[in-house]
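Accompanying notes for the structure given below.
In this document, chain identifiers A, B, C and D correspond to the written order of the chains, with residue numbering beginning at 1 in each.
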Amino acid sequence: MIRVGIIGGSGYTGSELLRLLVQHPEAEVVVVTSRALEGVLVADVHRHLKGFYNLRFANVDAKTVANQTDVVFLAVPHGAAMGLVPDLVDAVKVIDLSADYRLGAEYEAVYGPHTDPREAVYGLPELHPEVAHARLCANPGCYPTGAILAAAPLVKEGLVDEVIFDSKSGISGAGAAPTETSHYPNLAENIIAYQVTQHRHKAEIVQELGRLGRVAVNFTPHVIPSIRGILTTAHLLLNTMIDGEEIVSLYETFYAKCPFIRFNVPSLKSVRGTNFCDLSLERDNATRRLVVISAIDNMVKGASGQAIQNMNVMFGLDQTTGLWSPALSL
Amino acid sequence: MIRVGIIGGSGYTGSELLRLLVQHPEAEVVVVTSRALEGVLVADVHRHLKGFYNLRFANVDAKTVANQTDVVFLAVPHGAAMGLVPDLVDAVKVIDLSADYRLGAEYEAVYGPHTDPREAVYGLPELHPEVAHARLCANPGCYPTGAILAAAPLVKEGLVDEVIFDSKSGISGAGAAPTETSHYPNLAENIIAYQVTQHRHKAEIVQELGRLGRVAVNFTPHVIPSIRGILTTAHLLLNTMIDGEEIVSLYETFYAKCPFIRFNVPSLKSVRGTNFCDLSLERDNATRRLVVISAIDNMVKGASGQAIQNMNVMFGLDQTTGLWSPALSL
Amino acid sequence: MIRVGIIGGSGYTGSELLRLLVQHPEAEVVVVTSRALEGVLVADVHRHLKGFYNLRFANVDAKTVANQTDVVFLAVPHGAAMGLVPDLVDAVKVIDLSADYRLGAEYEAVYGPHTDPREAVYGLPELHPEVAHARLCANPGCYPTGAILAAAPLVKEGLVDEVIFDSKSGISGAGAAPTETSHYPNLAENIIAYQVTQHRHKAEIVQELGRLGRVAVNFTPHVIPSIRGILTTAHLLLNTMIDGEEIVSLYETFYAKCPFIRFNVPSLKSVRGTNFCDLSLERDNATRRLVVISAIDNMVKGASGQAIQNMNVMFGLDQTTGLWSPALSL
Amino acid sequence: MIRVGIIGGSGYTGSELLRLLVQHPEAEVVVVTSRALEGVLVADVHRHLKGFYNLRFANVDAKTVANQTDVVFLAVPHGAAMGLVPDLVDAVKVIDLSADYRLGAEYEAVYGPHTDPREAVYGLPELHPEVAHARLCANPGCYPTGAILAAAPLVKEGLVDEVIFDSKSGISGAGAAPTETSHYPNLAENIIAYQVTQHRHKAEIVQELGRLGRVAVNFTPHVIPSIRGILTTAHLLLNTMIDGEEIVSLYETFYAKCPFIRFNVPSLKSVRGTNFCDLSLERDNATRRLVVISAIDNMVKGASGQAIQNMNVMFGLDQTTGLWSPALSL
């Protein structure tokens, strides 16, 4: 049984790790930290977990967590993980859900100063089999997960000049703290474009697609009136006359060994609560455009589920362990 | 032309007053105050008003507002109005949208200390024709408006022993500031009961129905995933065998001169953006129960629209002036 | 391994049975019928099940289903089950999700002619331990489940004169076929009261509470803009001065052996996708009223989950088998 | 007073014409037709209009409508208008809200056979001042309105090579009849891409932008969980290094005389219920992309409001007459 620690258990990614790990047959959460909620029952904060956890939030430092565990998930804000990893990574495997270790040299240009030069494996298992040997895994951002998976096969083949990723996300990606954007009267019956040309997740998409081939990347995110899910409409401008069927075959081959990639009518409903990334492809016969649509659950494949998938790979388990359940489509 | 001042123009009731007064042929907003937003264009805060107002928020005291105006709307938090009214009421007519002057002696038991013993007219024009002579009008709460109008005719006839008001409100009643309850992931796909037996609006309902007759009052509010609107399901336990048709006739007579009361299939859609209170009646033939359902827009008939209706009455205008427009039912 | 047949697999209750049974360690779906979808892959209709089922819809009669199975779930419209049960019940255990066997002699007054006089056990396991010995189990309606569980302990003690059940349901209870009520522009930002005094589910509530004690029952349902979930606000008018703590203790004792009953802040989120019924209690100190609020997922505890709970009891399994997972609270 | 006839008054565009015309000081609806609803009170179908219309739906032919009116709005399905226009256009001015006269020679390739070769003026008044002299006005589609207005100024200058229009619409554009897509459980908490490369509205965008300059057009629509509104994210790939400020100035000049074009933070809320098209511009400094976002109310500027704007222009009125009201932003 893998002993799991979660540092930062009061927010949405922590809550979602706890929810998913209930179903994991090979892992057990032994410690969850929160400075503000020290001593409070986890189930009194995350009330849907009532009956599933008797744990209380602990206010302990990283080393103490490391002493009790085999793997630690960091569910902390950007900038905080880099202060914890040095105390953890020699003792336990670490999966960081923040942005701190996702970008190499680019990090400081996008997020600001970084204090730990250590490298991590980018935890998108479909593209990075070396996750299996990682001690420090940088769990991808939610938007990059859906965007990269939509474009990777064609970029790798060198068939795309430019991509416009137009993403639509549920609001849970913004976290548990109420904000102007998450205020119901502002979001309901609306759609909000934000960071229209300069969202920080773009750097991850550029980095990961850049590893595969040469492509110009444009990215614009929106928030829709939905709690969970990201639908990314990837408009790929091709440099070749390849037809629709060839493209489908190319994608199927690329993802042949990836159980969480499905070719399915893309709908947030079909992935809700799950670790799937559903893809569909449609060739625009009038132009040089291919439209690839990906649907993920931003809290699962876009965060905590993918973190558990990474844990599975890092511990030699089947990557679907504890994650193989159907969506709450209604 | 009635010169209008609004004290506290940054919140929802202030915003709604501004929206509605655009259409009023006999009134013009000449000053809107906000301490925090001094000097900012009203249309840069309430962006839907772009093109309709060139006003900037002013940071001026009540007396300065009184000097420029014929009527002042107080769109301030509970407890703040009582500090402003003494500086206004000798110079201008005042319509207070807060709770400060709604309850007489009961106020302190419900809300806490009161510093101004002055009396006001309770501004529910359907029940209080003396609004016409008021200098200080206490605009009713949103829940009481829908609840009182649903039960008044039968209570006045002495036919009701007890009422259970089960109300379902849109979230805008909670104001413009983001909170846990208004956080989209908490409210969407949910319904939240709150202050289940002790909501402060109950005192208004008790007071106003008590003026009409003797009746036991129970009140439980809920918030639903809707921006606007309150549907109140009033379960009236009758002390008599009166049949459905007689009751309908009794209601029609009671509200014969009330243009904003409609007998209509109750739906938040049919009243959205308007000052109507739609009512429907259904007699439970198996029990002693009558179900009266009222639908209002909490921001209009439940707040700013009713305030303008009161202004109309106080200035001798037809009460529908500037308020006679159909709902945005889609 | 229990071999499961589902008759009527194209609708919401069938879909939900399929979703839940994926996780059941002791049961396997071997046949799913649909006349209209014969030969179509289940996962091409219920696209969230892609990867979980290779079954195709079969167009076979009840006897053929019985031959392959140990238990059959009837997920068919009211009136259809009574034509199937006689062909099933001698060969297999039957759990009927329709209304056909819920009411005894009362059935015809509420629903119309009945062709099969056979009796069934009312499948609310918290009140009916005799489910364990049933061959034919009548799975309760969604509203009755939440309403009965909210009031049962006090009714049994004879402490309640009258109850007003004011229920608010997600729209999935109305099924998979588009209707005026389920049309997004009609339901979003709205709440709809319907069958205000005469909903057919009232007969079940009357029957089941009547088995426990004497009480007058009023019931009014509403549809809210939510896919899943029912919140029932039960206003119990007591005939005694019992205080809040005593009542809590009485409820805790009554439900001591019921793993799916939780005392929890009632929220549709905390039960979403699960078989829990969350309850909260609040005594109105100003009146004789007790407010009990119950929250269930109408598709799970209100339909397919409870059906599986009944199956577990009927086959001697722990009643939580395959159902013990936390809610998708976001 | 302009006498108005509406042919096809039972659907959403008819309902919206009725709602808006209540506020029009120079026009009066004298006849509304519906075959299915003959004799029924308009306000018994469109219940939010109760108190505003005493009209009943008439079942009369086009010539009879023409005899009583000065202008006729056709709110009928595509394909039906071409059978009515020949009977109307010699007697009255006609504004067709269907697609029948929007496309010239292209029509048959997109929609099928056309029986009336007559030409109409494309009723986008911001680009077509000749609407003033039209007898037959083809009111634009909802998507084309938002898309064309977002790109026109730069296309006219020849500065754009290619545009990707990624549009997100409320569901009311699909009409009043319940469908799979409008079924609440399918749309809520979801976003649906449809007709991903081949939506029929693309032909209008191509036609209208083609009149202004040379540009490749890509268009993908989505439906979001919203009743009203379309947000179009127009990704313009520029062929020049023009900076952001120059572009803003170019747009401001282009739309200087257009009262319904506002430069405003784009939000469906700020235009809800109104005839505005709000625009915002953001230059992507890392690429050759300009992002223009337009927000309209699909039922108003995208349909019935624009039709009234066209009527105003055709009758020599100020184009804002009866349309100058602020949005229901909450």
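Everything that follows uses one rule, which is that a contact is a pair of C-beta atoms (placed from the backbone, for glycine too) under 8 Å apart; a residue touches a chain by one contact, two chains touch by 3 or more.
Small disclaimer: the values here were computed from a predicted structure and weren't measured.
When the contacting C-beta pairs are counted for A-C and for A-D, which pair yields the higher total?
A-D
Going by the average position of its CA atoms, which chain sits the greatest distance from chain A?
B
Could you put a whole-Å number on the gap between the CA centroids of chain A and chain C?
36
Distance between chain A and chain B based on Cα centroids, please, to the nearest Å.
Here the centre of chain B sits 46 Å away from the centre of chain A.
Take the average of all CA coordinates in chain A, do the same for chain D, and state the distance between these two points in whole angstrom.
39
Can you tell me which residues of chain A touch two or more of the remaining chains?
Counting only residues that touch two or more other chains, chain A contributes 12, 172, 185, 188-189, 225-228, 267, 269, 272, 330.
Taking the touch definition from the header, please name the shape of the chain graph: line, ring, star, complete or other.
complete
Taking the complex as given, what residues does chain A use to touch chain D?
My answer: residues 162, 164, 166, 168, 170, 185-186, 189-193, 196-197, 216-218, 220, 222, 224-229, 231, 233, 235, 237, 266-269, 272, 282-287, 289, 291, 293, 330.
Please name which positions on chain D make contact with chain B in the complex.
12, 15-16, 19, 22-23, 46-52, 172, 188-189, 227-228, 259, 262, 264-265, 267, 269-274, 276, 299, 325-330
State the interface residues of chain C toward chain D in the complex, per the touch definition above.
12, 171-172, 176, 178-180, 182-185, 187-189, 225-227
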